[in-house]
Every structure is written in C-alpha cells, then in structure tokens.
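These notes concern the structure reproduced below.
For reference, chains read A, B and C in written order, and residue numbers begin at 1 within each chain.
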Amino acid sequence: MRRARGSGALLLAPVVVALAFLAAWEALVRVGRVAPFVLPSPTAVLASLREVGAQVLAAAGATGLNALVGLVAGTALALLAASLAARVRVLREALVPLAAAAAAIPIVALAPVFATMYGATSELPRRLVVTLVVFVPVFVNALRGLLTVDPVHAELMRSYAASGWATTRWVRLPGALPFVFTGLRLAASAAVISAVVAEYFGGLQTGLGSRITSAAANSAYPRAWAYVVAACALGLLFYAAALALERAATPWRRAGTG
Amino acid sequence: MSSTRTTPGATPAGGPGTAAAPAPGGPAATPAVEVRGVVRRFGAVTALDGIDLVIERGELVSLIGPSGCGKSTLLRVVADLVEPTEGEVRVGGKSAHRARLDQDYGIAFQAAGLLEWRTVAGNVELPLQLHGVGRAARRERARELLDLVGLADFARHRPSQLSGGMQQRVAIARALAERPSLLLMDEPFGALDEMTRERLQAELLAVRAATGCTVVFVTHSVPEAVFLSDRVVVMSARPGRVAAVVPVRLGTAERDDAVRATPAFAASVVQVRAALRATEAPR
Amino acid sequence: MNGRWRRAGVVALTVVGLLAAWEGYKAVGPVDGASLGGVRLLPRADDRSMPHVGEVLGALARPEVDAPGSRTVGVAVLTGVLSTLRLALLGGVLGSAVGLALAVLMQRLRLLEAGLLPWVVLSQTVPIIAIAPLITGWGGAVRLGPWAWTPQASVVVIAAFLAFSPVAVGALRGLQSAAPAAVELFRSYAVPWRSQLLHLRLPAARPYLVPALRLAGAQAVVGAIVAEISTGTRGGIGRLVIEYAQQATSSPARVYAAILGAAALGLLVAGLVGLVGAREDRRAAAAVEVAA
C-alpha cells in the first residue's frame, strides 16, 4: 500500500507545502482582489514586518519576558508540588483532581481579576496567568514520572537492599526526567500562547497581543499580521529552546538505534 | 510431595555422586539454598504449595514447569523479593532477608532492566556504587566483568545502543559485580533468539566455572535446562509444587555445544519432558 | 467505593480550604497589597479586588441593570455559558471531524503526512489564537453565496482550528498504532483499504482519540472565549467577563461570577468528552480483566 519514496522527497515535502501555501495565499489575494482588511498578502505582511521591525522586536521582548518569567515560576512551583504530591498521598488526592479541572477551564479568563488585584499598570497579572497555565502540564507530567518506576528496576533496587532515598536518587529521578521534559515542552508553547492572549484582556500596551489588537482596531491589517508572525516565531523559539534543553538533559534518549 | 531433599548422592533416579559438582565448601558445608515447607498465596490463589528444596553449594539447578507453576515466585522467595506465606527459606545458612541485606546473591531477570540513563559500565557499577565501593575499585571491577562477558569495547555505550543479547550480558555482569556466591536467574535468555541463547548458555557455564558460584536458573526451555543444569526441578501448576527432580549426567567438565548432540543429552531431555508431561496428566 | 468517598471528601476539603484561604487573606492581607521596589507582590485585599465569597454568590441573584424586569446576573451568566457552549461545541465537532479526516488521509498517503504533519504539529506550538482579532473584519465583508459571514462564524472557526490539530495528530498516531502483524494479516486477506480502516485502524486509534478529544474540547472552549473577546461577539461568556470586568468599580463580584461561568463551561465540555472517554475506559478495564 505504501510505496517507499525517496527520503529526499519526504524531507522536501513540508517545504514544498509551505511554499505552495504561501504562493496560493498570495495569488488568492492578488487575483481574487481580496480586501487587505480581510486578508493581506504575505508580501504585504513581509513589507510591514520590515517597516516596523524595531517595534515588533520590542513587543516580542515584552511578551517573551512575561512568558519566560511565568514559565520559570510555574515550572518551579509545579516541580515542588509534584515532588510533595509523590510522597504525600493526601496531597496527591487533593491536587490531582484540581489539576485535571484546571486543564479543562480557560485559565486566561482570570487575567482581568489579576489586573484588578495587582493594578493594570503591572506586567505581574499576565505573568501570574502564564504561571498558572504552565503549572498544570508540568505538574501532571512530573507527578506521573515520579510515580512510574519500571517494575524490574524496583525489584532490582530491592534485591540490592537499597534505601528509599537511594532508589529515588538513582532510579526515580532520572526515570522521571523524560516526563518532566514532556510537560515542559507543552508548557513552553502554552506560556507564549497565554502571554499573548492575556494581553487581549486589557492592561499595559507593551506586548504582541496588545499590538495585534490595536493594529487591527486601526485597520492596519498587514501590521497586525506582522505581529502575529512575530508571535508565532516567539512560540517556535520557546518550543525549540525546551526541545534543546530536553536533548541536553536526557542524552541517553537519542543514543539508541531506535 | 514429601521431601525433595536431594543431596547429590541421594537423587531418586541417580547413581552416587554424579549429579552435582563437588561443593567448594566440602560436604559438611551448609547448603547454598534451603527451602522448607514454603507456601505462598496471592489472595485466593496458591502460587506455591509445600515446596521443599535443597541446593548444594556450587550446584546449578534449573526450575522448569508450565506457566503459572510458580517457578519465578519460588526464585523471588529465595531472593526475599516475595515473602512466603508459610515455611522457611535459608540462603547460605542465613535467613533470606539477612542474605539480601548482606548481598549474598546476584540476580538477573528476563528483562535486562538496565538503567537507560547510565552507560554500560555505569550499569555494572550500580550495585557497587550503591554499596559504597570507591570509584577506582568500581571502574576496575566493571572492566573485569565486561571482559568476562566479552563487552569490554562497549563500556561507554548506552544500553539502547546494544542488542538484546548484549544487554542481557550486561545484566549478568551486573549480577556478578559483588562476587556473589549465589546467582539467581529468572528466564534471563527467554527473550533472545536461539543462536544468541545457546552462546549465552555456554558463557554462563564458563562464568560459573570461573567463579564457582551456585546458580538457580528459571526457564521454560527443556534443552536449556538440560544443557545447563546438574539437576532440573520440574514443577506443576495450580498449585505450584515440585513434581520431580531430574539429575542430569553430562559430566562435570565444562560442557560445550558438542554435548547437545550426545545420546546422554537426548536421554535427559526425554526424561525432563516425560516429567513435564506427567504434571499435566490428571487434567 | 470507600476510596472514592474518601477522595471526594479530600477534594471537597481542598476547595473549602482554598475558599478559606481567600477569606483569610482578605481578613489579614494589606488593603493596598504589598510592594517591593515599585512592584506590587501581594494582591490588594480590598472588596473591589477580592470580594467575599458570599458576595460573589449573592451577585448571581441580583438584577443585571437597575431597571424593572432586568434579568439577574446569574441568568445572564447562564445565557452566556449556553451561547458559548453552542459555538465551542460546533467548532470542536467541526475541527475534530476535519482533524480525523485529515489523519485518515495522512495515514493513507505517506507524502501528505510528510508534507503536512510537521506543520500541524508546529501549529500547536504557536499562538494561532492570535489571529482572532484579525478575522473580526470578516463579519459583513465575506460572503459565501447567500450566506454572509457573521461574528459567530469567526468564533466557530477559531474554536475549530484550535480543536483540529490535537485530533489530527492524536488520530494519526492512533491509526498508525495498529500492530504490524495485524496489518499484514489484513493484507493477507486481500480486503480493500476501507475494511482495514474500519476493522483495524479505527479501533486501534480509539484509545488515542480520547485524550486528543479531551485536549480538543479544552482548546475549543479557550478558543471560543478568546475569540468572543477579541471579535467583540456579544452574548457569550467571554464577552461577559470583559463587560463585568469593566464594571469592577461598582459591582466587583460580577466578574468573578462570569469567570465561574467560564470555568463551569470548561468543566461541562470536559464532562461531555468524559462521557465518551468513560466508555473507552470501561472497555480498557474489561480488556485488562480478561488478560489477567
């Protein structure tokens, strides 16, 4: 059913798809005479990106910092909570259902109340939103990792008459790392997304999200799209950084033949 | 099953002094393993029922039987990984618990169970590190052991870069790290292909000849049990009982692959098979 | 059963504890928060920032505007939740259907998988939701035949797009999870691809679909709420959060009531997806029992 094609074709395919997509978009806007407020052409967006490059970078810096602060704080809290919950059963019973519920509810909607609590002239409300958003996937995955021990490893450690601490140090923690990084990878993208979206709820006009809304409100659509492109680039940057960190911290996972 | 206490000279079907290698400690030494009246229940299921078994020092004994006969459970009782519901287990004259705390045995499982975040050498060093052996001594011992199992060139590799057979060799090296007098093996070659399996069987015999340790070996392969063992303990299922003990007379000299073609080998295989069939007879 | 009651008790106690902590902070916390180096670190504890729990519940029963016959805030929140639920479900179902269809196509055509999958995966790492304010303009400007684009349509499109990628990725992984031996068995039967899909690949994908749908549901809710806010679509709970946030000076409890509504919406959708998942869990549990 599946014919093996040259791996070159498979590697090239995403690039071809992207180019075809952009070309079709450009053609649609030009030939179809689509009004720029409906959809600006990629070239118009590119031109606008060049024009306001400095502002775009500044806005990306502001949003990126919010995302980073929230990511670090949320991850630290989540790891702390997960290591406590892995030890204390009551804590686990209390936190796991709450985390599951938090995964289902739109946490960004808390942005306006954080703004009232801390004042709208602060970046803190957005960072708090990011912290909460990040907490959930890191906590859930880290806890799963800490509670998952290969039965053979457990028996082996018992046969060594190893203490609980030795088992944690040599088996449980290294075994949990891949899980933690899975959570962190999810959280890195979620941090940028929530940092951008939190700006839609009002507050300081410093970041990409608020630039997108204000450009749209001024009907400067190519400019708005330029900020969207920057937001996507920021998301990819965070994701790539998380991936790089994961590779550096768990080298054994790519040493394999499979 | 009354008593299956079977010193080499008193096996039900054996002639005098043929079944086991002479025990290093001499005949008067305490046996390597003594299992007396062991019963193990898991809830309503009786996994082991009235097991009596004595294994002399330096012996290589296989446990074989249909799945569910409790052979792995019996091995775990000896290793103090599972506690018997009734009965007593002594390892080298000590309680099984004491023997575990004193690290008198090494163990290998069907899954190699290597820690994938450590190098091959790091895995062999693990038990030494856990028990406070210094770095230099650990390195030296790991090098020796990897030499012994033919993996000296792979010390710095990750487990995931090794084939299944190589991983299992690392696991055996790890089990030998602390020079245990008793080696417990739970179907260690069960997941390997026949060629690798036969090579590792020969290697195990070489290791045993070099170290003189007692080996308890769980398997479900009749030829494997016969090739390796001084005695084959045949178990029946539900509840797990010792059905027969078959001494294997292939000589005490190091066995090589040629042994597999001898009439004595074939005769022992037939004998173990018959004993296994007999465990199914009442059904 | 005992364990279940115990766990429910622990959760209830936790919620009570959180509410108590809220009231406790209100009682002892500084009214204007606490700042360090110009950055406010502790939140303000005044009634405007942190209304009493009872206040929030009471707000639900009060009329929305000071006029006779006005609906209560509770009714407004409920109406908003139902309105957004409709859009989120529509978007979620639409996005899941497209995602599943695309997964089937990608499973069938290797080249399509190679060309599209990286982009679908990457789309989960970037704020696609950021374009929400940009398709606001489509309302009234885009016509597809007799049907004119409405702001609600923008909300549905955003929700659908966010729900689409987890389902596409999860379903593809599931379709590809069929055991190679089983695939070869089906090939040996020389049955058409459709039978293989129906009897082998789709059943194999089921355990993968449940978590994907759970994620898709949560994404659709967030997408719908954010899209409502940035497109200014009236009637939904997202818009209500913003409206009530702007009334924080006069009636601070209202925005909390709206946020409770948004949370309830998320849990409602998760519950709906959970009904599908529970069936799957029972199958899995039954399978485990058979195996044991």
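Quick notes on this structure:
Following the convention adopted for this analysis, a contact is a pair of C-beta atoms (placed from the backbone, for glycine too) under 8 Å apart; a residue touches a chain by one contact, two chains touch by 3 or more.
These numbers come from a predicted model, not from an experiment.
Across every pairing of chains, the maximum count of C-beta contacts belongs to A-C.
Chain centroids computed from C-alpha atoms place A closest to the centre of all protein C-alpha atoms shown. Note: centroid distance subunit A to subunit B, computed from Cα atoms, is 50 Å. Here the CA centre of subunit A is 17 Å from the CA centre of subunit C.
Between the Cα centres of subunit B and subunit C there is a gap of 55 Å. Listing the residues of subunit B that touch subunit A in their complex gives 76, 79, 81, 100-101, 103, 105, 107, 109, 111, 113, 115-118, 126-127, 129-131, 157-161.
Residues of subunit C touching subunit A in their complex: 6-7, 10-11, 13-14, 33, 39-41, 43-44, 48-50, 108, 110-111, 114-116, 118-119, 122, 124-127, 129-134, 136-138, 141-142, 187, 193, 214, 217-218, 221-222, 225-226, 229-230, 238, 241-242, 245, 248, 252, 255-256, 258-259, 262-263, 265-267, 269-270. Listing the residues of subunit A that touch subunit C in their complex gives 1-3, 5, 9-11, 13-14, 16-18, 35, 37-38, 90, 93-95, 97-98, 101, 103-106, 108-110, 112-119, 122, 124, 188-189, 192-193, 196-197, 200-202, 208-209, 212-213, 216, 221, 224-225, 227-228, 231-232, 235-236, 238-239. Residue ranges of subunit A in contact with subunit B, taken from their complex: 150, 152-153, 155-156, 158-162, 166, 170-171, 174-175, 177, 250, 252-253, 255-258.
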